[in-house]
Each structure stands twice: as structure tokens, then as C-alpha cells.
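Read from first to last, the chains carry the letters A, B, C and D; within each, the first residue is number 1.
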């Protein structure tokens, strides 16, 4: 039984606590939150856990084996650093940190202290996303050509981060998981619909050494809610609609066939293929439940998490590049240019 | 009765001839096409028209008042120039020309010869697009914030033009029609899915002096067909789905309300508005029928076409900038930079 | 503060308890369930409530003002009768009883004992249904012509009741609420997809004195989930899609216009009207929350519930007639024929 | 080359003429229509065909091998009878006749004169319907359980026939084609939304010896257009949406599994199966083109048409029973009861 402390009981924290408490492999030892109202809620719901204001009381408790951190991103680095230095295994909310340097330091620290550092890229543990990974890895899609995601709705304007830091981590973590090749350059365009606020709408393009291309449209000010991703391959293409009640994943046997033309020398014939569509059954488990079980595996058996610190760092590197691109009016930013 | 000659009887030409022949204001005098098979088809369908191989025979015919040109884009400039110099009124297929300079010369020539020069931006004459224009002009949407269009399907790979020159003229002409402000810079990213062929998928961003933003996703290699446009305003937002059987236009009373916060000095409160949705009845007339009637008005009464040569030129200028941006790996191109 | 006891903590009971406990007007005094596992769950979640096995301990408690009953339908009559005779106000799960006679006796008993008898027709308290009622009552739809509902999915086969008794109470209660006119005859057709089990699919037709017509398709063995209702009127028509994420209610300005024909004596001209569509904003409150507040109003102020015992009786009368119709191979059953 | 005459050039006739004229196996010899305007249209479009007012001139022409009849249903019997007696092969518009006796006489006459009698049940020749037949015949669906069709929209009110005779032939012919078992009883309910006009909305139920059940909802006064059919089987179930742009047919691996329960003697365990969905590619050919080719096969090689006179007769028998059921206020009518 792993004894876990949860730091932060705001929007996401209650989901973490619920999943840890329902897991047979964890015992929720303590919960911390700065708000007395939230502490009261935690105490009422989980009378067996120790509920405290200061996260230091969680981190200093020697009986706590692991810490899950779901606080504002600006506090991630300090809390995670302290937790790792106290020898705790860490599950850290996304985005991992505000800066590339911070993320890199956490990765290094965790290696040094031999603790598990896992980033809470929840979407990676969704049945639909795991099914896409399974199909892509099995070669069903052929060579991957593009990833296109639209993630828009009438959303809550954030004060402290722009729409990219708010919504793009979902797609960037999915992309990092699905595609072995990593991006080499990033370009972003955003606009502010309320003066003085962060960007509320943005387009992000990721370029790769190969001709693979990834693109995100993220928007807090859209009339309709859309969560749709296209994953194009040379053999098959997937449409993933996260809002679909049924058939979230559709696999299309469609594409382009290129073959040497018999009649024209040195010329290729480009043909079309439009065949069946197939919608596989998807595991309906709650993503966080799957993730919590994976965290237990990593903590108990020293496995490397699928969404480890390196994955979190790669996502932060892209996010930082989008901010740079926007501030330089759309310049293409090479990744690693000036981390 | 305006006597019209149609040059080019390939994919689009028959639609032009049909609409001109059904209009009480036109008489189809002649049709030209280089292919004998197409000439045979034209002769069978329109026994009263003179069908010829060489377009010069159409242009040289003094009884012809107007010429509609629907040939490959590479031939537009020469044929249109000859037609204008022969004093004909011209309806020219989109995109107007391959180059900005050519488009500019046609505009100048038409002014000099006092003939009507209209570009066949068909979508501008669709009921749905005219309804969006009507709502925007009436102030229903408030200040316009963004235009976002997805125009993708498993489409025919073209040999001579890339996916932007093939599909973007639709959105660029709609945008030019709907939005009074004109773009100042363009950025494009594209990728080739078949080596040695033109780009088959691209993203185009148009920037404006204001915070208005326009963006297109165009793709010949998508698993599903999508023709969806979002037009965001401060008061209301529109979703235009060109594939919807009913309710092509949906107007959402949704947006963000910004007001001075009573309790916090110097701070604005950002609130959300999510009200009714309304789908107005749309005029179902064939766009080309409306366009042909407008062409008659312009020819007969000397009106300036809604989609005049200047509009065609503006679209070509953006297209040319996308090609430059792609060739320079995504650099932001100022419009007019080096026309 | 009304002290309420909940009898039955199975599928629906926990929703009742949660809503009563969140209401400022109720205090959950006691909960009863025959299952020790369910009692343990209730105790853990609601440590302040008295949790007992025998519902008699709830009914006999003089401090309990009201009782909510969510037990199997076969037990409804006995428990509700005892509760009313003990002077309790009663909220009774649907369908109210297995037989018309039982429902009638409960109505009579409640009148005699001057207690509130309310039937838990939850759908009547949904924002979408209340909006339909509001539009119909305001005359927006004109004269009502028909109600057509499809309520199908791959559902749980019940052992004790057929698909009509399981699913039709939803529509029959909506219908009873929306339409002032009451049905005079019922016809039903059903079929069993598993031998020896109750009907798993059925069609129910309700006839009225006027030309109004109501029809239900209910099915446990459908490949897709559909919850769609059409409400047709002479002026406007509504499509209500309960599964729609947004725009659950769409109001269509469509219909038929009948007017005396000027040229043909004694003949009417029938024309079509196809205008705008409008989707009003819907109150998103949980139906049960609205219902619980209404129950408090009725208990405290002696109001007659919208879904009172008479409404529950009318629904049971139709259900009983469908069973009779099926057993007589589709014979049309007059309501009241042999209650 | 089969010389064909077309009788009736109204709504459907031009589609027949176009398909016959595009077929290499037919020559359109003559066309008749009572309206001079329609004759003028036919002459303009098909200058090589003889266009006449009186259908007798078509039937009396010895050079005509086959006749296609698309006139009002009230005239079908007389024209078809005359054609068969003149030794012509006949393609007859649906519904075949107004009465069962008429249909039977045409079947007998065609047998006697050894001519092909084919009924124009167009939907049977659609790619989507042929794919359903192929899947059902291959046993993919298991044992068929039900057919449920919704065919509604804001349609044209007919003067002479009710909504059942107008729309139900589509479904009845599909059903007759797909399902080997034939119905034994019919029940129908309809209502008139305009006084003095035929029924504008109806529900039709078909019962079979087995537990298979078929049901139609047909409606001229619906706010939205729906053309959706469910075909349920013990192994798999199909949803056929005729309005879908892509994926008209979806095959769901869903159903109920019944197996002997190991722990309870004499009791069956009912389980659910919810697996993949699959949407096969559909032949996009125009149904009428496929039908015309099949008619040629039958005429030239003496084959029995898939939609022969017997199929047409079975459809008329059901239609007649619906009229009887409506006139007797929903009584269940045994087929063959009093033909």
C-alpha cells in the first residue's frame, strides 16, 4: 500500500483524491490546501485523511511515500523540488512548469534522488488515445502524415495563462505519446479578444524533420464546443471526436495510392482509395484511474512512466516556444534554440 | 439581350453555359473548347450556339458583347487581355491570374477600355454567405473578431497548382466580401504527401492591423469532408456548415462581456454570455444564377461588380504571398512587400 | 425544515438522498434498505441519517414528515399506503403502481388523510420539457397535432417488467404534462427477443377525441441510443433531442397553411411554410433538484403537485391498457374500459 | 437493342427516359404525355424520340419491345393491361395498382402472355439496400428481429392518395426484398392535419408468424427530414441513414447473448454485447441505372425480375390492408382476409 499525500484540493485535486482512495494500491494519507473552505470539504469527504493548510506538512511526513501536486503552475517547481528532495515519488499536474529550465531541473533531481517523476498528462491514459496509439504502433495507419486538432469552446478566461498554456498541453501530450518523431520547430499565432488579458485564441504549428505536420486550433471564444482530432497516415486515417457519445474513434480506409505509371515513363500515378470505415470498441475506463494504477506500477517496480519528466519537459519546451513565437509576431522558433 | 461567348467547356464551363442559357437577359452566342469531345457535347446540348475550337473566334466576333472564361488559370491572363482589348465585358474564373502583376494589368486594362471585369467568386453569391454579410453589416455580430475555415476532404490531387491555389480562393473571396478590413500579412505552412507533387495540405493565417485574425485549413487528404466556417464577433458568432442539409447558418448569442468591476479598482470583469441560437432561413437559389443576374446588371447599367477585378487582385495577392511564405519555410509575408 | 425518510437505496435512491440533503428545506432523517451492503454505503455517505433495514422503522418514526419511496414497483402500493396512513407526505417512484385500482386507492387515501401525494415523474421537471410546456401554453405552436417519441438503446433487460413499463412512463408523464387533452384509447404492439422474457421492444399509440395523435417507440435492443421527441403544432414544431450536448430543443417555424382558394369554390389551398429555426436557452438545473423544491412547496403550502397522484394514476391507466392490448394481439383498448 | 416507349413524362418519367437513353441496351423509341408542355420538353431534350399525346400510339407501335409506365396510380392497371396484351414487356411505376385484384390480374396476364412484368421498386436497386441484403443473406446479422423505418419530412400534400400510399411503398418494397418471411397481419393508424384531405401522418405495423416485427412512421408534416431504418438481428444490427453524405450503412456488433446459466437451473443468463461498428463502402451507382440494366437482363434472357409482379402485388396487398385498418380505427387486418 502506497501512502499518498495530495497537495492542492481545488478543481482537479478532488479527482485525484477520489481515484487514489478508490485504488486498492494507495492509501490517502494527507491532503493540503490553502483555502479553509476546501479543507473543510476534504475533511467532510475523507474523514480518515489528515487535512492541513501547509503543503510542507505533507512533504515533511516520513510516512508519506508519494505526492500528487495539483496547484497553480507557478508553484509546481518549488513544491515538486521539495517533494523530490524529501525522497517522495511525484505525480505532477500539467503543464509541468512555467519554464524549460525548471522542468529540466526536476528531471535531473528525480534521477539523482531515484524517485518516480510522472507528469499528469491525463489524456494519454484515455481509452480512445490508447487505441490510436495501438493502431499507429501496429502499422495500421502506415506512415504518419499529420495530426490536426481543434479544441475550442466558450471557455473560462484565465487570468494568469493564455489559451495555449491552458488547452494545448492536452494535444501536445497526446502528440508526444503517439508520434515517435519529435518536433524541430514551432510557430504560433494568437489574438486577444479582451484587451489586457492573455491570448484567448491561437493556432500552433509544429514542424518535423520529415514531412509530418502537426497543427492545433485552440480557442476560448468559440460559439460551439469542438474536440476533434485528425490523424492522417499513408494507409489509413483516424477521426477522433472526444465529444461523441458513441464511436469516438473512426478509422477510415482512405488515402492516396502512388504507383509507377505503366504508360508514362518517370511519372507516378496518384490514385485514391475510399473504402470502409471502422469504429473500434474503446475501453471506457476513467483515464485517471488507469493513470493512478500506472503510477503505482512505476512506484512499486521502478518502471519509467509513460508520461515521465522527459515527456513533461518536451511539452513545456513547445509551450515556451509558442510564447516566443507569438511575442515575435509569428516567427518560426527552432526548438532548443535558446532553452 | 446580352450576347455571351463562353471560353472553356471543361469542368465549370457547362455550369456557366446552363445558367446563361436559362437567364432571360443573355443569349449564348458561342462556345469554344480545344477538345473535340467537349465541343461535341456542347453542340449536342446547345444546338443554337456556335461551337468552335479556337477562342479567338469567340473574341473576334463583333456580335459577342461579353465573354465568360473558364480555362486553366495559366491561360487566364492572355485570354482576358485579348477579350478586354476587343471591348468585351469579361467574367473570369477564379483565381483570376497566376501572378499579381497580371491581375493588376487586367484591372488597368478594363478601366482603360471601360468594360466590366468581374471575377467568378461564386461563393459570394450563395444565400448562406449573403446572409452572413447581411448580419455582419447590420451590426448583429458586433465587432468582428475572427474567421476560421476548415475546407478539407479526400480530394483530387492537382498536377499544376497546390491545395492553396485550388481551394483557398473560396475562403479568400468570402473573407474579402465579408470583412471591410484587409489583411496586412500572410503566413502559410504546407506539406506534400506525395513526393514531387504540389502541397496537398496547408494552413494559412491572415493578419490584420486590428486584432482580427483569419485562418484556413485546406486539405486534399482528409478522411472526412468538412466545410465549416466560424465567424466570431463581440456580440454574436456564426457557424456556417456548407454541407448541412438544413440550417447551414447558425447564429449563436454567445460571447464575452467585459465590464468595469465594481469591487476591484482598475480591473475589468470578464463574464460569459450563452443565450439562444437562431438559424435563419436561407435563400436556396443557385449561386451562379444570382451571379449571372448581377453580371447582367453590371454590363447593362455600368455597375461595379461586387466581385470586381480589384477583389480578384486582392485574392491573388494573398495567394502569391502564401506561396512565398511556404517557400521561405513559414516566414510572415507583408502584403505588398514585393508585388 | 421538512424531515424526510427515504425508503429504498438502490439505483435511484442515492439521487433522492443527495438532492434532499443538498436542499436547505429538507433534513434527511432516515434511510431504509433491505440490503446490508446498501445500508453500509448509505451510512458511510450520510453519517447523520438513521439507516435501517425495515421501512416500517421509517414509517413509524413520528419525527418523519415525508417519505420518498424508490423500491421495486411491486412494493409501491403497500409502502405508500402505510406511509399515507401514518400521515406522511409521499413522493412515490414511477410507475406509481402495478395496477389502476391500487393507484386509485392511493389517490383516495391521500385525499382522506390530507397528505401530499406526488409521483416522481422526473422528466417533467427538466428544463427542456418545461420550455416545451411554456411554448405550448403560450400558443407559440398553435394547435397541437402530434407527439412522437423514440426512446431506444441497447438497454438492460428487466426480469419483472417489460420495456413499456420500464421506459414509457417517461414519455407518458411528459405527454400528460404537455397536453391538456387526455387519451381515450391505447394500442400497443410488442415483441420478445429472448424467449420467456418480457417484451423488449414495443410501439404504443395513444388516440384522442381530437385528431391529436401520440406514438412511442421504445426498445431495449437497438444498435444506437436515440432519445428524440417531435411535438407538432399547426404554427410551429419542436424537435427535442435529449442527448444533444447543446440545443436540446429546436423550434421550427414550419407547417402547413390552409386558406380558402380564391379561384376554386369550396376548395382549400394547402401551402407550406418553411422559415427560421430557433433554439432557446434551456435551464440546466438537475430535474430532481427542481422537483425536490416543488415537493417542499407542496408539503409546506398545501399546493397540488404538478405530478400529483391523479397524474400518476393516468400514466398507470395507459400502461395497464398497453399490457391488455399486447395480450389481445394489438386490439385497440378504450381507456376506462374495465379499470 | 431493346426499343422502349415511356408512358408519362411528369415527375419521374424524365428520370426513366434519361436512364434508358444512357443505357447501351435500350433505344428510346417513343414518349407519351397528355400535357403539351411536357411533350415540348421531351421533344427538346430527346429530338430522336417520337413524342405523342396518346399512350395508345406507344402501345400500338409494333416496333416497341418494352414499355415503362410512370402515370398516376389510378391509370396503372388499364395501361399495363393494354401493354401486356400487346405483348410488350412492362416496367410499372410503384405502387403497382390501387387494388389487390388489379395487381393479381396483371401478374396473371403477364404469365399468360409470357412478357416480363417488373415493378419500379427503385430503392431495392440502391447500393445501400443491396449491401444490407448481402449482409443479411450471408448470415452476418443472425436471425432478423425487426425492421423500423422513419420516413418523414415537410412534404408535399397529395390530393389523391394518403401519406401511406405515397411514402410506404419505399419501405414495403425494401422489406419485401430483405426479409424472406412475409407479413401475416397489418395495423395502421393515421391522422389528417388538414380537414378533408387524406391522412398526412401514419404509423404502420406489420406482424409475422415469427416474432419478427416491422414498423413504419411516415409523415408529410414533420419539422425535420429523417430517412432512417434500423434492421435488428440476433448477431448484428444495421442503421441505414439515407440522408448521410458518407457512411449510409453502419453495422453494429451489438446484441444480446443468451446462454444457460451455470448456477441457476432452468434459467437463462441474458448478457449484452457491445463491440465494434463498421461502415462498409457502398456502391454509389444511381439506383435507376442498376434497375434499367436488370430490366434489360430480364427482357433479353427471360429472367424473373427481383421486383417482379408478385413483389408489386405483395406491396399492394399491405397498402390495401393499411387503408382497411385505418377505416376500422386501427383493427388488426389479416393479410388475405378478404382480398
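The rule we apply is simple: contacts are C-beta pairs under 8 Å (C-beta built on N, C-alpha and C of every residue); 3 or more make two chains touch, one makes a residue touch a chain.
Model, not experiment: these values are computed from the prediction.
Trainee: Computing the C-alpha centre of each chain, which chain sits at the greatest distance from chain D?
Mentor: A
Trainee: Between A-D and B-D, which chain pair is linked by the larger number of C-beta contacts?
Mentor: When the contacts at A-D and B-D are counted, A-D has more.
Trainee: Cα centroid separation between chain C and chain D, in whole Å?
Mentor: 39
Trainee: Using mean CA coordinates as chain centres, what's the gap between chain A and chain D in Å?
Mentor: 53
Trainee: So what's the Cα centroid distance for chain B and chain D, whole Å?
Mentor: 43
Trainee: By the touch rule stated above, which residues of chain C touch at least two different other chains?
Mentor: 224, 246, 274
Trainee: Which residues, counting only chain C, touch chain D once they are in their complex?
Mentor: Spelled out, the residues of chain C in touch with chain D are 145-146, 148, 150, 154, 156-157, 187, 189, 191-194, 196-197, 200-201, 203, 205, 207, 211-213, 215, 217, 219, 221-224, 230, 232, 234, 237-239, 250, 252, 254-256, 258, 268, 270, 272, 274, 329-332.
Trainee: Help me check something: in the complex, which residues belonging to chain D touch chain B?
Mentor: 224-225, 243, 245-246
Trainee: Of all residues in chain D, which touch chain A in the complex?
Mentor: Against chain A, chain D makes touches at 246-247, 253, 274-281.
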